[in-house]
Each structure stands twice: as structure tokens, then as C-alpha cells.
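In what follows, chain A forms one complex with chain B and a second complex with chain C.
== the complex of A and B ==
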């Protein structure tokens, strides 16, 4: 194993990790806000990828340009899902947790089924994007442009998210609602509205991830499944509800995956991720940056 | 107008009811065959194609067509008073356990006469065990693991080649190129971690040892991985003369994309079909694999010699919008051969069908394949299903091996070696 190979692995792991972080942060945000795990998170990603593909095919808009548009669309979609499904699931008098799990799980299966029905199960991909096929090579280390753009978008999204949470009224309302959803009503914050915006924001983030991923990944109705699994581990590892935790855990997962694949046969590379997660559970069950 | 939640639910329920009502109307004089395929999940594309193929085959059986294929000229099964063949589909979602449960349901509740399937070797393994237990024949259509017919099952049949035969063809081809003075010494294997990939790699390692090729990388990866960067890096570092992938479609697409991103251009790719015979792979990354070679059971070139090949392809294309490929051609023949057995058995009894199938003797000219003939040995395997190698040239597959079936000279290597330029080190 040469130094080149190791450097390549680590850099690839870092780029992949930033993508994992962007995919996971929406999930973490929603969970932290209202203790609801969105089991349709992978399907949100899938929907965003198909939307990006659609804009490319129909209107010839490049994924980089359509990314903000996709994020806006997914914001509306997430808010709608909250208003149309989650709001009612939360009203259940008994077994609230179960009702929430099954409602988002049902939504996942519905979305997959609809995608297969309307788009067929064929694998698609975006053939011609500005970034496609461009790769930087520095001293034998290859960094594909789409992944670099993806990592930059991810970093920018996290930067924006920090500002939003720390500097705006909405961010403060979000924090307050997360702390005590009952008490915020007393100071005049509309809890429902905050929840709806939270779902919108979480979905917009995964929408952004989907738009970027569509540049370099194949698209089909089940594409969300394997990423959703990683997103759950990332959220649990970073700490439920922690934005910074999602970022750190995403990068850790990406790097651990890359390092594991160097040391053991690649078919076992996800073992490393779960080993790290179990170790974290053992020493710090709330996750690395969890505050609960 | 205000739409309440209740209205939405009633509307949804009503449309569901409408869909299921027109789904199926059972007829009395019909032979029901159960087909197990991944109709949802990661490999649904393959399952949906299989469904189009089997419907095409059922059309050929059930209506009178002027094709030189078994059961084509008659309408329905003459041996059973013109009974029509109906295929009942079950979705196993690529899961061997779901496959077993669905097979059980088709046999006990739907009373199918035989089973066909199952796209993945791993699922075919569990489904054929279940069929054996109920003494119902299982026709393996496109699954290719050699271990499948070596389990002493009585009710297992496979008309198509298995991966040892396919891999042998690849190594015969390498031997031929070597004789012509091409440099082929090292091979990289890249295979997924279910029975298909592991069996395929095992065979290739064995053949490489016997014939004096060196394996420089043997990379087993997890199917449907979100990233193959680490795997491709190892392939790149090994930099063998030939890359030999055994992958389904999703991983195949990601492999090709990742190779391009990491600047790895193998000198040649010789693929164990699977994903590399699916249109969707070439739709997604076709421009990056000019010159790729894949094994196949089927070649459209055969249409020039055998009119039935072209006609069946037209029938299939009208239904699916695609040309027949390695997978769909085998599925088509599997249903024809199975129905032919039922026709000769003149019964839907499992034992009688088994006996009739075991006595199958179909000359290759009466199939759409480049096979010598269809004759099952005591394990249920047809050893005369000669495979071909196809090369992807200018958006089309042409037959390049064996010599008697070839229509073009192989282009070798697909990417000329460019040491230094890409900064590759043969470490």
C-alpha cells in the first residue's frame, strides 16, 4: 500500500462523508425538534433525485442550478407531509411512537411504489452535467469534480444552517420548541408552525443532497434505502438532534468506511461503521454530540 | 371545496379497489405456472423485464404463430386439449426467504403446475428447495450459479449455461488471443458477495490456476454499496491486463462511474453478464465502456441465420420497448421448454411433468439460442448450451467468440495501455 493510495482513500472518504452528513442532517433536525424519526427519509432523497433528473431532461437545467429549486420544492413537500400526515399521527392518544413510525414507514413504501409505477424500476442517470466526467488529478490522487462540488455544497449548507439556528428568530424558536414544546406556546410561538417549518427545512436539506447526488449516482426507486441506513447510523452516532453532530458523524462514517476497506476485504467495509457506533453507544449512549 | 382527511382516504380506497378488481379473472381451462421475480426493490428492473418476456412466451404458446419453436404453431397445449398457459407472478424482492414463502404460497394456494425463476441464484436456491419438497418442477431460467444443479435435486432443470461454462468460454477466448500474440497474463476479479458473485469468482480462480493466468486482485464487495471508491482503488492499484466483474446492474453502473472518476481505464473488461447485459447500464454509462466484452447466452446476430430470433425479438420489443438480451432470451426459452414438458406429460402432475422434462430432446435450431441442443442430464443441467462472447461496439453488441458464431473480430485491448500518462503505478 502506497502513501498515494492512503491519501486517495482518506480524501475520497472525506468527500463521501460530507455527502453522508448532508443526507443525515435533515433527519437529525426533525428528530431533535419533535422526536419523530422519518422512515421515509431515503425516499425523500429519491424524490429529490428524480426531480433533478426531470428538470435536466425536460427543461435542460443543470443540477447545480436546479439544486436551490429542488431544495425549495422539497421544503414545500416536507411541510406538506407534516401538515397532511405527521400532524395527525402526533394526535394519537395511545402508542404515539408506533403511529409515527408506521405513518412514515407507510409513506416510504407509498413513495417507492409510486416511483416504480410512474418512472419504472429502470436505472437512470444524468448524462451531461457541467461537472460530469471532470476529474482533478494531483500527484496521482484523483478527485472527481461532482464529488468536490457535493462536498462544497454540503459545507455551505452546514454553514447556512448554523447561522440560521444561532442568528435568526426562527432558529431561536426552533431551539426553544426543541427544549420544551409545551412552554413555547405560553410565549406566543405557534408550535405547529415551527414543526411544519422544521419538516420543511429538514426536507430541503435532503433535497439539496439529492440534487447534488443526482450528478454522480444512478437513480432508481430504491436508491434511498442504502443511504437511509447510513443516515440513521450517522444521526445516532452524532447524537440525535445535533446539527454539528451530524456533520462530524457523517465525516467519521465516510472516513471509517474508507479506512476499513483498506484493512479488510471491501465486502466487510460497513462493519467498521457499526463497530464505531457500538463503541460510542457503549461509552456515550446519547451519541457524540447529543445533548439529551 | 373543503377536502377532509376522510375524503382523501375514501378516494384512495376506491381507486385501490378499482385496480384490484380488473387485475385478474381466472379461466377454467388453463395451466398455471408460478414465476418468482424481484418485482420491487433494487433489482425490480430485471423482474419487470422478465414479466414482459414471459408474457411474450405465453403469447407464443397460447396463439398460433408461424415460428419454428416448440408449441408455437398450435394454440395452447395440444396434449391437454388446447389448454392455455397462464403465468402467475410473485415478488420476492431479491430476498431468498421471501422467495421461499412465495413459492410455498404459489404451490399450496394457487396450485401451480410448475415454478420458473428467479433472477438471482441466491433466491433460486431457496425456491428450488421448496419446489423439491412439494415435488413440483422448478425451471431455472437465467440463474447461473453452478452449485444450483449440484444439490441432488430431482425437480430442478436448467436449459441455459451455468457460470463454469460461461467462464470456460472466457478463458478459451483468452487462450486464443494469447496464441495470436496478445499479452494476457494478469486478471482482476471484482464480484458481489451473494452466491452468484462468489461462485463466479471461485470458478474463475480455478480456471486461471489451471491455465496459467495470475490473479492480481480478487475483490469481493457488498452488493448495492453506496460507494465503490475503495474497491476501484484496489483494482486500479492491481492494474491487471483484464478486469472481470460479476455484478448486478446497480453495482455495475457505480463501478463504471467510479472507474472513470478515479481515472482507471482497464485494458480490457470481460464481464460475467448480469448487470453488463442490461440496457439500463448502457443507457447510464454506455459511453464509458466502448469495447467491453460480456459473456452471453444470446446474440441478436443469430437472427440472420434463424428467422424466429428476429420475430420473437419484434414481439418482445412491442411489449417492452427493448431488444432481447442475455437474460430475457433465457427466460423466454425457459417457459417454452417448461410448457413443452407439460404438453408432453399430458398432465399437471408434478412427477409426470418431471419425467417429460427429463426426456426433453430439442435441437438447437428450434430455439432462439446459439445452443447445440436441449437435453437434461441427471442433475437437470443442459450441457449443450454453448455460450457466446459479445463485444459492445458503437452502441451495439456483436458476437466475437466462439469463432463459428463470430460476426466480427475482437477489438483487443479496449483501452490501449498508457503507462506514465495516467500516473499509474503497477504496485
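== the complex of A and C ==
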């Protein structure tokens, strides 16, 4: 194994890691806000990928250009899911955790069923994106352009998210609500509205990830399942609710996966991620950046 | 806690259970077509599985979504001992159960320090690791799996190539056994410890409940019965591979009946299995065909509606008055 192949693996691991971070951050954001784990998160990703494919086929819009539109669509979808399901799930007086888990899990199954019904289980891909087939080379290392664009979009999204949380009134309301959802009502913040916007924002972020991923990944009804587990592990590794933790953990997961794939058969590459997760939580039961 | 009404309810439960088991035992006299018999066996098996899962996740409150590991171990241990060493499945079943319970204890040692979602995700990634290892382990057939060689109809070899009825009675016995174990534990020291640990671990600890030991006991019992069901399933279908006995989907299938029927209740898992398994099979065979997705749509909608409309599970439809001592 030469130094170049190792560098190649690590760099593509880094790019993949930034994608994982973008997929995971919405999940972490929603959890931090209201202690709800969305078990349909992978299916949100799947929906965004199909929407991107649809825009490409019907209106011939390139995935890069349609990404903001997909994010906006997913924002509306997330807010709708909150208003239609989660709001009611949070009213349960017994088994609150279970109700949230299984109502979102039911939504996941429903979304997969709808995708199968309307789009059949076939694998699809976007053939003629602007980035398709192009590579970018630095010092003998070749990286595919779609993945580079994905990493840049992810970095930009985290930058924007940081500004949103630190600099805007909405960001302050978000922070205040996650600190103490009961007390914010006293200072005139509508808790329900913040929750709904939080769901919208979290879904928009995974929507962005879906739009980018549609450029270089197959699109099929179960595609979310393969990324959902990685997203949950990423969120837990970073610490539930921590936005910065999701970014750091995403990069760690991407790199660990790349390193594992160099050492063992590629079909076992996820085992490295799982081992790192277990090793971390056994010593830090709240993840790397989770608060007690 | 041990009020007269609680004692009366326990007495009524065991009477009802005996009557229901007797009625189910007579079903093969009327049900002769193989398709329906198959659904009956699966329903009873999932009732047993969900009842076992309910001990750790329902009563003790430690939500595991990695029980496919114990199910798969049960299936693989009995199958490998039979195909490679000629050891009869009954001994394999016991060996698998012992191995699964030991592994549950070994894993519990580090995992029970974790709380909530961190614990649940740990159970998922451990089971996934097991799944990936079996998928790549050539000696146990890797992705191709193992076919159990068919010899003859025999209770000794626990295989009946031309008959489903013996499997039906074993599944019924297993479902009754897990129900009875739950019934006994409900009114034992462990049962009270488990519910205390679920409701408030700090308070339980301060009252002298050894939280860690309580979780370990629940995990061992739960893994033991899950594994026995795994060995049974291997004999029933005659062919196993990692996808069919150890995939994540299986962990969810085990949890669903208990959740929809009523998590942490005596009757919830059986009620949930009675509704979900036949429904799933019927919807799949009448509407499924060629992955059209209608079965998933109905199943998904049903799960959303039940979990929103009946947070305490369907079993609450049958209880007229809530017993505060027993609701989690």
C-alpha cells in the first residue's frame, strides 16, 4: 500500500465524513430541541433524493441548482410532520418515549411503502448532472467532483447553521427552547412554533444532504436505511443534541470507515465505526460533546 | 403494591391463560390448511419472542433493538451442532440458550452503564456487528447460510418435513412458558426491582435495589428465551442465513407486538402478536405481490395510528380500571 493510496483513502473518508455530518445534524438538532429521535430520518433523506431525481427528470434542473429548492420543500415537509404527527405524539401521558419512537418508525415504514408504490423498488440514478464523471486531482490523488461538491455544501451548511444559531432571533429562541422549553413561554416565545420551525430546519438540512447525494448514489426506496444507522451512531458519538458534536463525529466516522476498509474486507467496514462508538460511550456515556 | 385486587387479578389472569391455551391447543382439529397453520405457528412464536423482549425492555425499561443477535445465536448454535457434530437440536437449543444468556451478561456488564438512546444504539451496533461477522464467516456458511439436512419425521431430531402440527404445539408451549415466566416474575422480588429500575433508577438505588444486578437478571432471562425461539425457528424453516435470523429488521419485529399490545404488561405481547402477525401475513399475501408497497403503507399507517391513539397499548382496551401500582 503506497502513501498515495493511503492519502487517497483518507481524503475520500474525510469527504464522506462531511456528508455523514450533514445527514446527521438535523437529527441531532431536533433531539436537542425536544428530546425526540426521528426514526424516519433515513426516509427523509430518501424522499429528498427522489425529489431531486424528479426535478432533474421533469424540469431538467441540475441537482446543484435544485438543492436549495429541495431544502425548502423538505422544510415544509418537516414542519408538516411535526404538526400532523409529532405534536400529537408529545401529548401522550404514558410511554412518551415509546410513542415517539414508534410513531416516527411507523412513518418510516409508510414512506418506504409509498416510495415502492409510486417509484417501484428499482434502483435509479441521475445520469446527466453537471458534476457527473468529473474528477479533481491534487498531487496524484484523484477525487470525484460530486463528493467534493457535497463536502463543500456540507461545510457551507454548517457555517450557515452556526450563524443562524448565534446571530438571529430565531437562533436565540431555538437555544432558549432547548435550555428550558417550559420557561420560554414566559418570555413570549411560542414553543409550538419553535418546535415546528426546528423540525423544518432539521428536515431542510437532511434535504440538502439528499439533494447532493442524489448526484453520486443510487436512489431506491430502502436507501435511507443504510444511512440511518450511521446517522444515529454519528449523533450519539457526538452527543445527542450537539451541533458541533455532529460535525466532529461525522468526520470521525468517515475517517474510521476509510481506515477500517483498508485493514479488513470492505464488507466489514462498518464494524470499525461500531467499535469506535462502543469504545467512546463506555468511557463517555454521553458521547464526545454531549452535556449531562 | 400487593393489594387484594392485585392478587385477584393475578388469579384471574392465570385462569384466563389456561382457558385460552386450551382453546388454542384444539385449533389443529379445525385448521387443516397448511397456509393458516403456518400463520398460527409464526403468531405463537412472535408472541413468545415479544414476551421475552418485554422482560428486559418492558418491565425493566432497557429498550433493546438488538435482540436479533440472541435469536440468530440460538438458530446458529443448534444448527451448527447438528450439521457439523451430529448433536441433536434439543441439546443445541439448551447450548444456544446458555451461550446467549452468557453473552447477554458479558455485554450487559459495559452496556448497562449507558442510559436511554445511548443504550439502545449500543444494542443495535452490537447486533449489527454479529450480523456482519456471520455474513463473512465461511465456516458457518457466510451469506449462503446453512441447510438443515432432512432425515425423517422425528421428535428426537425435532424435524417434521411433512407436518406443521408438532411445530405448532412446541410454539404454543414456548409462548405459554414465556407468559408463565413473566407471570411468576411479576410478583417476585425481581419483578418489583425491574419496575422500580424502569420508573426511577436513582430512587430504586436509594431504597436498596441493586440496579445493575436487576438489569443483568432481566437481560439473561430475556436472551435465554429469545435464543430458544431462534433454535425453534431454525428447525421450523430448515434453512438459515444471517439475513433471515440476525438482521436488524428482526429486532424490530420482536419489539412491535409488545409495543402495540402494551409494553411492560403481561398480556400486551400476546395481544400484539395476535393482531400484527396474521395482519402482516394476510396483507402481504393479498396486497403485497411484486413489492407494490401497499402492505408497507397499511402497516405503517396502523403503527402510527395505534401509537398515537393508544399510547398505553391495545391491552388498555380491556382494562376497565387502571391499577396505579402496575402502570409504568
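The definition used in the following text is that the second predicted complex is superposed on the first by the 290 of 292 C-alpha atoms of A that agree within 3 Å, B and C clash if a C-alpha of one lies under 4 Å from a C-alpha of the other, contacts with A are read in each partner's own complex, and residues count from 1 in each chain.
Here is the rule we go by: a residue touches a chain if its C-beta (ideal position, glycine included) is under 8 Å from a C-beta of that chain, and two chains touch if they have at least 3 such contacts.
Keep in mind that what you see is a predicted model, and the values were worked out from it rather than measured.
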Quick one: on chain A, after the overlay, do chain B and chain C clash, or do they fit? Just give me the call.
-> clash
Looking at the overlay, does A:270 come into contact with chain B only (first), chain C only (second), both, or neither?
-> both
Could you look at A:114 and tell me whether it touches chain B, chain C, both or neither (first, second, both, neither)?
-> second
For A:282, select first, second, both or neither according to whether it touches chain B, chain C, the two together, or no partner.
-> second
Check the residue A:135 against both partner chains and state whether it touches chain B (first), chain C (second), both, or neither.
-> first
Would you check which partner chain A:221 touches, where first means chain B only, second means chain C only, and both and neither mean what they say?
-> both
Partner chain(s) touched by A:144 [first = chain B, second = chain C, both, neither] | first
Mind working out whether A:5 is in touch with chain B, chain C, both or neither, as first, second, both or neither?
-> first
Answer with first, second, both or neither: which of chain B and chain C does A:99 touch in the superposed model?
-> second
First, second, both or neither for A:37, with chain B first and chain C second = second
Which residues of chain A are in contact with chain B in one complex and with chain C in the other?
-> 88, 112-113, 116, 120-121, 221, 265, 267-268, 270
Which residues of chain A touch chain C in their complex?
-> 31, 37, 85, 88-89, 92-99, 101-103, 105-117, 120-121, 221, 229, 232-233, 236, 240, 265, 267-268, 270-271, 273-275, 277-278, 281-282, 285-287
In the complex with chain A, residue positions of chain B that touch it = 5, 40-42, 44-45, 47-48, 193, 219-222, 224-227, 229-231, 233-234, 237, 249-250, 253-254, 257, 260-263, 278, 280-281, 283-285, 287, 423, 425, 427
In the complex of these two chains, what residues of chain A are touching chain B?
-> 2, 4-5, 8-9, 12-13, 16, 88, 112-113, 116, 120-125, 127, 133, 135, 137, 139-140, 142, 144, 146-147, 216-218, 220-222, 225-227, 230, 257-258, 261-262, 265-270
Sort out for me which residues of chain C touch chain A in the complex.
-> 63, 110, 113-118, 121-122, 124-126, 128-129, 132-133, 135-136, 248, 252, 256, 259-260, 263, 291-305, 307-308, 311-313, 327-328
